[in-house]
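A short worksheet on the structure shown next.
For clarity, chains are labelled A, B and C in written order, and residue numbers in each chain start from 1.
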Amino acid sequence: MFVSDFGLGNEWVGLCHSVMAGIAPECPIIDLSHLIRPLEVVSGALLLADSVPYIREDAVILGVVEPNVGKDREIAVETASGRCLVGPDNGLLSLAWEVSGGIRTAVEITSTDIMRPIHAESFRAPDTFCPATAHLASGTPIERLGDIIDPASLAVVALAEPEVEPGRICCEVIDFNRFGNVQLNVRPGDLVAAGLEGAKRLRVEAVSGAVEADRGSTYADFAAGEYGVLFDPRGWLTIVRGNPASALDGLGLALASPVWLTAPDGSA
Amino acid sequence: MFVSDFGLGNEWVGLCHSVMAGIAPECPIIDLSHLIRPLEVVSGALLLADSVPYIREDAVILGVVEPNVGKDREIAVETASGRCLVGPDNGLLSLAWEVSGGIRTAVEITSTDIMRPIHAESFRAPDTFCPATAHLASGTPIERLGDIIDPASLAVVALAEPEVEPGRICCEVIDFNRFGNVQLNVRPGDLVAAGLEGAKRLRVEAVSGAVEADRGSTYADFAAGEYGVLFDPRGWLTIVRGNPASALDGLGLALASPVWLTAPDGSA
Amino acid sequence: MFVSDFGLGNEWVGLCHSVMAGIAPECPIIDLSHLIRPLEVVSGALLLADSVPYIREDAVILGVVEPNVGKDREIAVETASGRCLVGPDNGLLSLAWEVSGGIRTAVEITSTDIMRPIHAESFRAPDTFCPATAHLASGTPIERLGDIIDPASLAVVALAEPEVEPGRICCEVIDFNRFGNVQLNVRPGDLVAAGLEGAKRLRVEAVSGAVEADRGSTYADFAAGEYGVLFDPRGWLTIVRGNPASALDGLGLALASPVWLTAPDGSA
């Protein structure tokens, strides 16, 4: 299971596949996404954590979103649930190990039995992360990859939390997709805490203006052009519009834009 | 064989792979395309049908372009030729089963032995379509997937047909690609019916203006910047220009734009 | 190992996979990239050659960037190192066979035992290149693919060479990526030849203006917004900027833009 911000326009993803398939030809490689917004460690960390329920326990997860390539430690982690994660020590993996019960063992990838000679300092993944991932996938114990390190020394990412008060949530855009749907950093518990859980309709206010949106459970619940809100497959409150309109464009939103949620007319 | 409009910017394709590989690790998964124009059921249906000649009979085809996710029935179909198709009951699969001899058996995917618990109403594919596809691929009989349904009750898509009269075809743009080539809803038989089959050159008229185009059989038949027409790999009449010019831009065309084809100077 | 300019927006890559998997189901197919700039044979040739160090010797490399589809010969080549390459006779494969020790055997793919009936003249790859690749991958000797041809008759590509003089290199942009990093046609030996190898800082001049750039070895060596130069993973001198700024945008560069490199203040 391989996720990165490499994009698909060059050969980096293919070269990583090539190296892993060379070491562990019996292990299939599944690409989760390689279009993480470039260098956005938090986006990558969120996507990994939200994907864990769909990924087999025995799959090794390789994540590479690495603004400081060559500066951060290169690590492998085994979680309490037995799942293995490989990637840079910049917090990218931290939300995934949290939802997998925390860390049992962490190592820095230093063993020259595992690593390949570094071909390029600016593209170390095929020579460090990829062989580490392939060896873990074929059953090599994590201790063989390098020196044990203290889990407490590992970087973690912090999510922007919404501000929740009675009748009102101040939140922000954490992602959007090609359908124009906009994810907010709001979980079901936040709606409950604000007393908005029972509201059939919410007021959604952006800097550019405000709309009213019905609650729904799937994209087809809304008529063309109408705004709605629902919890998306990853459990984030999402602003949608009936096809083919785009909520993102309609509200003039972008990554990290602030959004205010209230009950219409103050009636929650 | 997996086709969808999921795009490549998020993790949906990867999660579907993950679920299918978990159930049927021995069955390779081939991605046909995940960049069907969002929610364009007809584009998806055309692509599936045109791809059938290249796909092994024993491959299961999974198609997901689903504007009404959670509202349409989720179906699996076995065709007269023995090929299995899985997807929503919105017509997406209908052109593919037509070119495969029609339907032998259709079922709604309802068996809880096959489905996974629904994790999210707005992203049901990994919990319904994916396990159904993987089980079919590993040999489960289609009847085990759920209740038999009447093929006559299934949705089908209707293609816009060109208007053909002697010496003239009024057609429309059904697709275009990154090379700027423009596909029209015109098959070889339509040229014959219009008496234009023998014309070495056609007049191609769009709203923005008209050009003359030579007939050819491959892209390299045309000098740089010159317009040409040929039947593309899928059998649709296609407007091209000698590299590196774009017919799409040159004629100001878009999806569903009307185009009129005649013989130059009325001489067919 | 499969590289092309097909893009990901249509079904061509998937159909090629389908044909190859049908012939050689036991051989995994790895996509190197399908977003070679359309019809850019030289870009494709460079990418293939630069990727060779990461690719197993026993992998067959299929390259398809083919502005003259149906006009150029369709060839397979076995190099002195034993590596097999398949693609059009337009120079696309030529840099890869150079870095693999040159050609041992070259054939034109003509055997009807190998080829499939041509389904479409404008998309011959699944009926010619793909079966040839799959058969080579499963062990068919190259001579079985068709007629032996004289290696000296094969097309090769010529790279634009930089103009190197003492203290100054006139070069050009050969590629750029989603991070805004800009590759120049400059190798380590060119810096040495110009006497610029020891310079800790270079002056980088474009048509739109000039900047000074520190030498570094990895992307994280530069503070946000600052320009730098380093040799990229493929060994080309690359202009970068500290994240999240784009060197491409900052200098107003595009493919083939000229760039002049000197020591700042004439001090090398």
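Some points to look at:
One rule holds in what follows: a contact is a pair of C-beta atoms (placed from the backbone, for glycine too) under 8 Å apart; a residue touches a chain by one contact, two chains touch by 3 or more.
What you see is a predicted model; the values in this text were computed from it and never measured.
Common neighbours of subunit B and subunit C (chains touching each): A. Its C-alpha atoms superposed on subunit C, subunit A is turned by 120 degrees; the angle is given in steps of 5.
Counting the residue numbers that touch the partner chain, subunit A and subunit B have less than half of them in common. Centres computed as Cα averages put subunit A at a distance of 31 Å from subunit B.
Shown for subunit B are the residues that touch two or more other chains, namely 8. Residue ranges of subunit A in contact with subunit B, taken from their complex: 1, 3, 8, 28, 30-35, 47, 50-51, 53-56, 59, 177-179, 217-220, 230-235, 243-244.
By the touch criterion stated above, subunit B contacts subunit A in their complex at residues 7-15, 17-19, 21-22, 25, 38-39, 67-71, 119-123, 126.
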